[in-house]
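Each of the two complexes below includes subunit A, the first together with subunit B, the second together with subunit C.
For the complex of A and B:
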């Protein structure tokens, strides 16, 4: 692999970020060591990779950082962590696996590192990370096992606001308004009004909560599923109707990328999804909707607004033999300086440090088609952090419950079952998988 | 016993020992790479092994619990039924198409030989490539099939998300990939068919249909049954097509048993439960193979 040439100024800036670290007061304290890292593919790591030579120059260590496709990374890392092996020193702490990995004791408690002034200078400022993004990285005792490098904040994007304007439809702010807008634009200029990817267990939950339902009774303490309630049945019917009436043919099998491309090419109008998948509508070179895209907060239901938010962090496996070096790497990669540089240079839209989000560089990067999307992003992250409604997603058994939700919504949207029968079966399936996983449920 | 026969027995024993010694390294390697995982599978099926709960490792307090849970698992039962339908239709279609094409391609003509090679392409493609090809064909917004039909004024639903078509879509793709296998085996057998049989039938005035039904088919019976057996066992291992095309959906309409077992182990970390499903699946495959081999009368001469 080739690294871009590092300008002297960049090198000095990187060194300044590292220079604050006491352990690096010595000359190349990690010379001869190799740091092994892994994460799923993301533009963030592509950008960061360009700066690795600075870290290597400063510490003397070599960085061997591999990225894989999201599901591949999760499966491999899940197995690697479960063996408590030492093959990896830095890993991505995936949101939906965070509860599982932290709960099983597979990650290192970073609170000890942060509290130790010999390891972490005060101006690294761990409290600067937005609480909503950090909530998935902590355990019930408030100990931290990762620091967020990416946050997903669910927003609403309309790819062709010009069509909306011509139909006299404002950006919808409620579920009812979303339906009305979909009705108004469906079929115009061969567009479908809505598009979603197939992960209903992410896309549907804000609609479930907006109608007063929830996934578990009181996560993480009480994981009794609540998927057969009248609210869940109503929300499932509503969302399945949205998909079956307004989504493209075959939309139920769409991946994230397919759904994004449907919007980018102007074939679909609305999508409610994490910002990472919506920013390319305004920035991607292949987007045909750069000048017509419009953003808004996720519409609210009768019981409130619960946009999905998630975050992925960097953590250290419990089995790593180079924890000190790994911590140096995390501090360097997620320092204010590095994140500001990545935002300034590449326009990266998903950082989790408040000081960076509220800075000019980020605001400029997230001013999309004239709209201040940065403030929408921060609002969603803070909403998730304040009330903790995203906790349901970080429990160790969420993957199997999420799978039952996916299949339940599929059954309704394809008319295999009515909403009531499908959700009662989903509830029954969820109880079964939770019992199998040894989870104690109410009435069990 | 004479001295000569004693010497002969001694030589026989030495030869047998020599053969055993020669075989020993291969058998040892085979034992490590096949028996050891099978033993691990069997042992872990007797525990509630869950990667996220360290206390479940080596917990043999309720060794039959996984098997009891399987009896009450409706989704598992559904996956067995889906598997049965998938296996039945794919094996049947692959035998019919493979046999039919082999009859048509059983010629020394150069063009036909070239065509034979073309027909073999699906079988030699990596399974994941086959799955991606069919993903493109089945995805309406990029599909040449959907585009072609729309030009003709015909609109069809997305086959992989339509509950009436999803399993059929998998069956079509699997048949496309594997009919060349049965075609190849049938073709090889056809080329070894004694000319006298054909000549005798012709002398008796047999029509083409009678020739196929009364001469060719009985001659190929053994080959077709073996090909069918191979395809049946392989159909139980169907994975890439389902993983890429449908993820077992919509709902659980295309979720076969090994895919369900994979999910339990690698998506949910329930290795114990997944092992129990796999043990039963393995036993069922062995039993099925045994029944079919008995039916064929493999190893017995008429």
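For the complex of A and C:
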């Protein structure tokens, strides 16, 4: 990949930012070294790659940063970390693997780096990262193993607010209001009222929690599954009805991208999903709903509002032999200055530093179809950080339990089983996979 | 043509169409833009574009395609060179140990590939074979060798020994008998075995995923790389999928006469 031309002024600004780092007081302290990094493909790293020459010029190190597809990256990195390899110096700490990677001791404790003023200047300001985004990057003792570069905050988006207006429907703020709005718009202009992707273990959980249910009894300490409770059965029935009544034909097997495109083409009205998949409705060149899209917080259930939030961070493998250089890279890549530049230049919508999110550049980037979506984004991230309700998702065994949830919701939505039978089956399956994984459960 | 025959022909055509439908769907998708892919109802008549293929050419996919070609060819030729003489030797060896040895040769096929992942990964990392052509060829060789021996042995078993013996009486050495008499008669079996070896190496995803990074990444893994976190590049995935299928299709068409004969030929011992 060729690097874009870097303006002299940008280069000087970057050099100045790096110059503030104590370890870089001497000239090119890492000359001759190669920093090996890996992450999954994302626009953030495409943008960041354009600035690598600045880092290389200042430190003397060469950056070899590979990005791969999400599943490819996770599979390879899981293997690399589990065998304590030294091939990588900087890795993306994937949200769903963070509990496993941190818990197993495969990542370096960055709290020591942050606390050391010789390594980290005070104005780098680690506390500036939003708590909700950072919660997946810490262990039970509060030590930090990664710094978030991306956060997903679940919002509600309506692709054709003009149709809603004509139907006298406001943006729904409760589950009941969402149902009423779906009823009002279903079939109008050949549109389905709702669309979701097949990842029910992400999409359904806010509805489960909104109705008073939960996935585990008290994660991460007590992982007894709670999927056969009356609340879980009611929430599963409610969500499966939403899908079977209002989702497009074949919608149960939609990928993220298919669901996004159903909204972008104006074929589906509502979706509750992370901001990454909702911003393109207002910005993607192929979107036909740029002038009609409207955003709101995820609707609340009778027991509260629990929009999903997640984050991905940069961390250092325990086996890395160039930890100092890796930390320099993380500081540089996630500095206020760099993030502000990426937001200003590219409109990147998912940063995790509060000072950047509340800044003018981010507000401009996330003013979508005249709406201040930046403030909605911050609200969701703070909500996740305050009560820690997303902890269910970073426990190492969640991927297996998530699979059982997917199958359970599928069985209900396709009418293969009633909600009660399906969720009791899901509970049994979850107990089985957790027991097999050696997790101690209540009553076990 | 009787009406019954016509109906059977129509049914055969319908079945062929059904079997080909996923491939045809993929093919037409590869000539559409992302916007056209998601047009609803789907357009069957549209202005085709080559932009997805052009995009493949301009990305790392070109190198991955070359990697697949080199690795699969080597992983076909090497096991054939080693495995065919071995199968012949086992076929003609009249000791009791022959069947035991044949069984041990199958050992590499007795466990699922995932069981070998960690040992292979650690050994390869130690030997510096991660992300190299040699590393991939070596692993495919271990799996294909048993396939070649087990597929070719029945072919040799069914060839009358009298033919070789006649050649020996005429002054041919064992090697000459094998090369000039036995091998030409086993040509259908060689073709079928070679294509299965090629298919195994060409279609492998798992080992290529684990044991490569960027330099030796093969085409099936490269196609998955079009599934980005923030959206999938459907047109490129379809074009990449078509390109991945193409060499296998061409190779199969070229040797289809031998393939059909070969796949059934070794099944009955003469």
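Quick note on the criterion: the second predicted complex is superposed on the first by the 444 of 444 C-alpha atoms of A that agree within 3 Å, B and C clash if a C-alpha of one lies under 4 Å from a C-alpha of the other, contacts with A are read in each partner's own complex, and residues count from 1 in each chain.
Just so it is clear, a contact is a pair of C-beta atoms (placed from the backbone, for glycine too) under 8 Å apart; a residue touches a chain by one contact, two chains touch by 3 or more.
Since the model is a prediction, treat every value here as computed from it, not as a measurement.
Visitor: Superpose on subunit A as described above, then tell me if subunit B and subunit C fit or clash.
Guide: Verdict on subunit A: clash between subunit B and subunit C.
Visitor: With both complexes superposed on chain A, which partner does A:399 reach: first (subunit B), second (subunit C), both or neither?
Guide: Only subunit B is touched by A:399; subunit C is not.
Visitor: Scan A:41 for contacts with subunit B and subunit C and give back first, second, both or neither.
Guide: second
Visitor: Once the shared chain is lined up, is A:286 touching subunit B (first), subunit C (second), both, or neither of them?
Guide: Only subunit C is touched by A:286; subunit B is not.
Visitor: Looking at the overlay, what does A:260 touch: subunit B (first), subunit C (second), both, or neither?
Guide: Second partner only, subunit C.
Visitor: Looking at A:230, would you say it contacts subunit B, subunit C, both, or neither? Reply first, second, both or neither.
Guide: Neither subunit B nor subunit C is touched by A:230.
Visitor: Mind telling me which of the two, subunit B or subunit C, contacts the most residues of subunit A?
Guide: B
Visitor: In the overlay, answer first, second, both or neither for which of subunit B and subunit C A:69 touches.
Guide: second
Visitor: Could you tell me if A:302 is touching subunit B, subunit C, both of them or neither one (first, second, both, neither)?
Guide: It touches nothing on subunit B or subunit C.
Visitor: Have a look at where A:104 lands relative to subunit B and subunit C in the superposition and call it first, second, both or neither.
Guide: It touches subunit B, and subunit C stays clear.
Visitor: Of the residues on subunit A, which ones does subunit B touch that subunit C also touches?
Guide: 75, 79, 258, 262, 267
Visitor: Inside the complex, what are the residues of subunit A that reach subunit C?
Guide: Residues of subunit A touching subunit C: 40-43, 66, 68-72, 75-76, 79, 83, 85, 87, 255-258, 260-262, 265, 267, 276-277, 280, 286.
Visitor: For the complex, which residues does subunit A have touching subunit B?
Guide: 75, 78-79, 82, 100, 103-105, 198, 248-253, 258, 262, 267, 396-397, 399-400, 403, 406-408, 410-411, 413-417, 429, 432-433, 436-438
Visitor: Across the complex, what residues on subunit B touch subunit A?
Guide: 48, 50-54, 56, 69, 72-75, 138-141, 157-158, 160-163, 245-253, 263, 266-270, 273
Visitor: Under the stated contact criterion, what part of subunit C meets subunit A in this complex?
Guide: 34-35, 38-40, 117-118, 121-122, 125, 130, 209-210, 213-214, 221, 224-232, 234
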